[in-house]
Each structure stands twice: as structure tokens, then as C-alpha cells.
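A, B, C and D are the chain letters, set down in written order, and residue numbers restart from 1 in every chain.
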Amino acid sequence: MISKETLEAFFRENFPNSDFTIESLGDKAATLRQPVSDNHLRPGGTVSGPVLMAMADAAIYTAILGSLGLVAMAVTTNLNINFMRKPQANRAVIAECRLLKLGRSLAVGEVFLYSEGDDEPVAHASGTYSIPPMEE
Amino acid sequence: MISKETLEAFFRENFPNSDFTIESLGDKAATLRQPVSDNHLRPGGTVSGPVLMAMADAAIYTAILGSLGLVAMAVTTNLNINFMRKPQANRAVIAECRLLKLGRSLAVGEVFLYSEGDDEPVAHASGTYSIPPMEE
Amino acid sequence: MISKETLEAFFRENFPNSDFTIESLGDKAATLRQPVSDNHLRPGGTVSGPVLMAMADAAIYTAILGSLGLVAMAVTTNLNINFMRKPQANRAVIAECRLLKLGRSLAVGEVFLYSEGDDEPVAHASGTYSIPPMEE
Amino acid sequence: MISKETLEAFFRENFPNSDFTIESLGDKAATLRQPVSDNHLRPGGTVSGPVLMAMADAAIYTAILGSLGLVAMAVTTNLNINFMRKPQANRAVIAECRLLKLGRSLAVGEVFLYSEGDDEPVAHASGTYSIPPMEE
């Protein structure tokens, strides 16, 4: 299995704007941590929805690459997110992803998003990724 | 009805990172244009999914505020997006939103996203917003 | 292109419980009509959600088979539906599907659902279908 | 808290077509069991998608009513489902729902669906329900 450090370096190089860290990487699972700064906030002093969506997407992508390796150029085909509680403005956001299916051509994952230190999720997402055929 | 200029100023002030323009604002409808620069791209030379998700969310929000005025602190409750084609790396993204419902407490919108100048949508989203009770 | 009659016969044979009719079948489009009887209703005198979901699914399937022919054993991979208004208890439900993408391995469609004769949709759905490789 | 028997009687009376049983009813949770018969199948010898969607919807509804009581006329506002594996034709379907949020006006639940006896889910759904204000 690929290491957290290798995957973080991959994200830094390919997504220069991303500044999350990979907290853990497991069997069909990944946890990301996104520090929250002023430009992640929206009126009302809360983390904006697109920040949560981007994290959900990245968490599923991380769990897939962590399982299949960097060769996989997987692409998101569907993402669905329910926003449930107002995230805290002064806390990092934690995204916990678990893959529900990792097939040859399709992966499905779900993600719980939390304000760091809270038990109740601020949002819940599910997403599907299309996995292109591996070259021999 | 509120003007495009007023709404653009609202976004500039409240979402300093946003740099889209409002191309049109109609009855329960809005069209946004997002210039694409290097930090919107992902490996493979295409616009990243979170950029499209953020635009879909902003387009529905714009259509709601355009209809109800700036007083409405609407919040996204659900967003669902299907990614269908690879956006062009060197083209702006256009988001066309139409509200399917604008009730007292719930709004539902759909958004088609295009690479500027193309006829086939790169993605399609639908989203629901909760509208808090107006203060008298 | 396949005829409405052939497709209706296919549904009667393969889905004995289905009793909708195909009102129209076009290029990447289909319209279904579902008569509403007592066992489609739920408390409050309205058509139940699952009846609308089943119609949305069938409408996308019909539009795909109408375009690709009966050989395609397409399967639903994702369905998302927003319920917006209370359907009328004494009216048929109309489902209008348009395919947004019909690729080699993935189809995406959207469906507007109406109480017959009404202009405002009762629900809006989008769905993705996986299309297996054709045998030569 | 309301009993399984009371809730099952409620479903029998109000949804005469439903024939699932409530296997368990807990704190913001419910498990349903749907026997599978010929009219639940689709070509290819598998349980049809709409059967799974209907169960997902019923499982969330059951978990809400189990927590709030029968007075609550909650209505589904959004349902999203990912189909992941082919259900077995000769097995009952089990739907395990957990409410992720049970607020005053909005409930969000997720549902895992299984062929009875299997460990891998055949589908995963999430849904939102609008809860009308209680009358005093």
C-alpha cells in the first residue's frame, strides 16, 4: 500500500491549492484534515459548503489512490452531499471516508465531515468514481 | 428585483475568493461565468470537480438572492452533481441555473455547467436550499 | 429506432407489475404516463414517493432502450430525486425524461414528474446508468 | 418510544401494499426486512431498483416515526441511492437505517441495503425528510 507521505506529495504537486493533510490511510479508508482560514468562511461565520464538498471529493479520491496506487486516474462521476449542522469557524474540518465498493470500474465511497473535536457530523456525502482500465 | 451589480458586490465582499461574474439574472434564474486559471485545474488538464461544485452552489444561491433579495440567509441543505464530460482547460465555465421551486422555506434549483462555447454540458447539478423565516 | 409498442411489450413481459404507458419516445427522450390508483397513494391523499422514484427510473431506462435497442442490459447506478410539490391523488403522473449523456459505458438522464395537466413539476430526478459492453 | 407492533399496524393500514416487517427499532435507527417474491424481480434475476428505493425511503420514515411518534407527518424531500451489487433473487432484502440528524424541521438518514445473510451492501441511500411543525 502507498504511504501517506507519497500521497500528500502527489496532492501538493498536482493540486497546488490543496492544503489538507492525510491523518490516516487504511484499507479502503482515509481521513483528511483541512485547516480552516478566513477564505474558507462564508457569511454567518461558518465554513462554506464548497470547502466541505471539495474535502468529500478529495477524501474519496485519497481512499481510492491509497488502495489502488497512483496509477489510477479515477474521475468523479457523481457526488451527493447533505449539509446537517453549521461547522465551527475556528476549527479544522475532518473528513472520514470509507469505500463501500471498490470494483474494477466503479468505486463508491461515503464521507462523514466533522468540525474537529465534535461528535456530530456537519455533513455527509457519498460519491462514485469511474476507474479507467489499467494498462497492462 | 435586485441588480447584477449589487449581487456581484455582495459576493466580492462576503466571499473574497470568488471571482465569477453574473452574466444574467432573471426570474428564478441566473447564469454565472467563472474564468479558469491554473489553480482550477487538475491532472489531465481539466477543470477540477470542486470548481464545478462551487459554481453550481453559487448559481443556485445567486438565483435565490436575485429573487428574494439580500436579506435571505439561505443555506444549502443538499447538492447532487453528475460529471459527464471533461471540461476544457482553456475555457471559462458557464453555470446556468433555473429554480424549479421557490417556496417559503425550501428552494430547489438545477444547474447545467458548460465549457464556454460548447453545447454539451460538462456537468449537471441539483440542489436544495433552506430559507429561514423572514423577520417582519 | 425501436417502437413504443415493442418497448411496452418488453416492459409488460419483463416487469409484470408495471402498468405505465409510453406516451412518446424520441431522440434521447421518453415520456411515460402512470395511472394512479388507490395502492399508489399514501396518507394525506397523495401519490407515494416510491411510485415517483420507480417512474423516474423507468423513464430513464425507456429513453436508453429507445436509443440503444433492447439488447442493452443497462443497470441503474445512481438515482437522486427531489420532491417539490404534493402530487394530486386523482391524476395520472407524467414522467418526462431527457438523456443528458449517452456514452459508451455511462448514460445520465434527468426526469421531470408532473400531475397530468399541471405545469409545475411535483418532483425532479437525475440518474446514471451503466451500459455494459455490447457483444460483437 | 413507540413499539414495532404499533408501527407495523400503522404501515399495514396506511400503505396496504407494504409487506415488510420491522426487525428492530432503536434510538434514531430502524431495520426493515422485505421478503422478495417474483414481482420484485427484474430481468437478469435480481431485485429491481425501485424495490430498494422504496425500502430505503420506508426505513428512514420508520426511524423518524419510531423516534417522534405517529403524529409526525414527515415527507421525503430528497432521496439519493447508489446501487453497488446485484441483490440475490431468492433472498429477503434488509434495510438498516441510521438517522444522522433529527432536528425540529429536518431529518437526515442513511440506509444500507443487503441481501439477507450477505456482508456486502447491495445499495446505499441517504435521504432528507421535512418535519412539519407539531401542533400544540
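By definition in this document, a contact is a pair of C-beta atoms (placed from the backbone, for glycine too) under 8 Å apart; a residue touches a chain by one contact, two chains touch by 3 or more.
Given the structure is predicted, the values throughout are model-derived calculations rather than measurements.
Novice: Between A-C and A-D, flag the pair that has more C-beta pairs in contact.
Specialist: A-D
Novice: Call it same or different for chain B and chain C: same when shared residue numbers make up over half of all numbers used at their interface.
Specialist: Shared-number fraction above one half, so same.
Novice: Could you find the chain whose CA centre sits the greatest distance from that of chain C?
Specialist: Chain centre farthest from chain C's centre: A.
Novice: Which integer distance in Å separates the CA centroid of chain A from that of chain C?
Specialist: Centres of chain A and chain C (C-alpha means) sit 33 Å apart.
Novice: Hey, how far is the Cα centre of chain A from the one of chain D, in Å?
Specialist: 28
Novice: Do you know which chain D residues sit against two or more other chains?
Specialist: 77-78, 80, 82, 128
Novice: Under the stated contact criterion, what part of chain C meets chain B in this complex?
Specialist: Per the stated touch rule, the residues are 78, 80, 82, 84-85, 100-101, 106, 108, 110, 120-121, 124, 126, 128.
Novice: Can you list the residues on chain A that touch chain C in the complex?
Specialist: The contact residues of chain A facing chain C are 77-78, 80, 105-106, 128, 130.
Novice: Over in the complex, which chain A residues touch chain B? Could you list them?
Specialist: Residues 14-17, 38-39, 42-44, 48-50, 53-54, 57-58, 73, 75-83 of chain A touch chain B in their complex.
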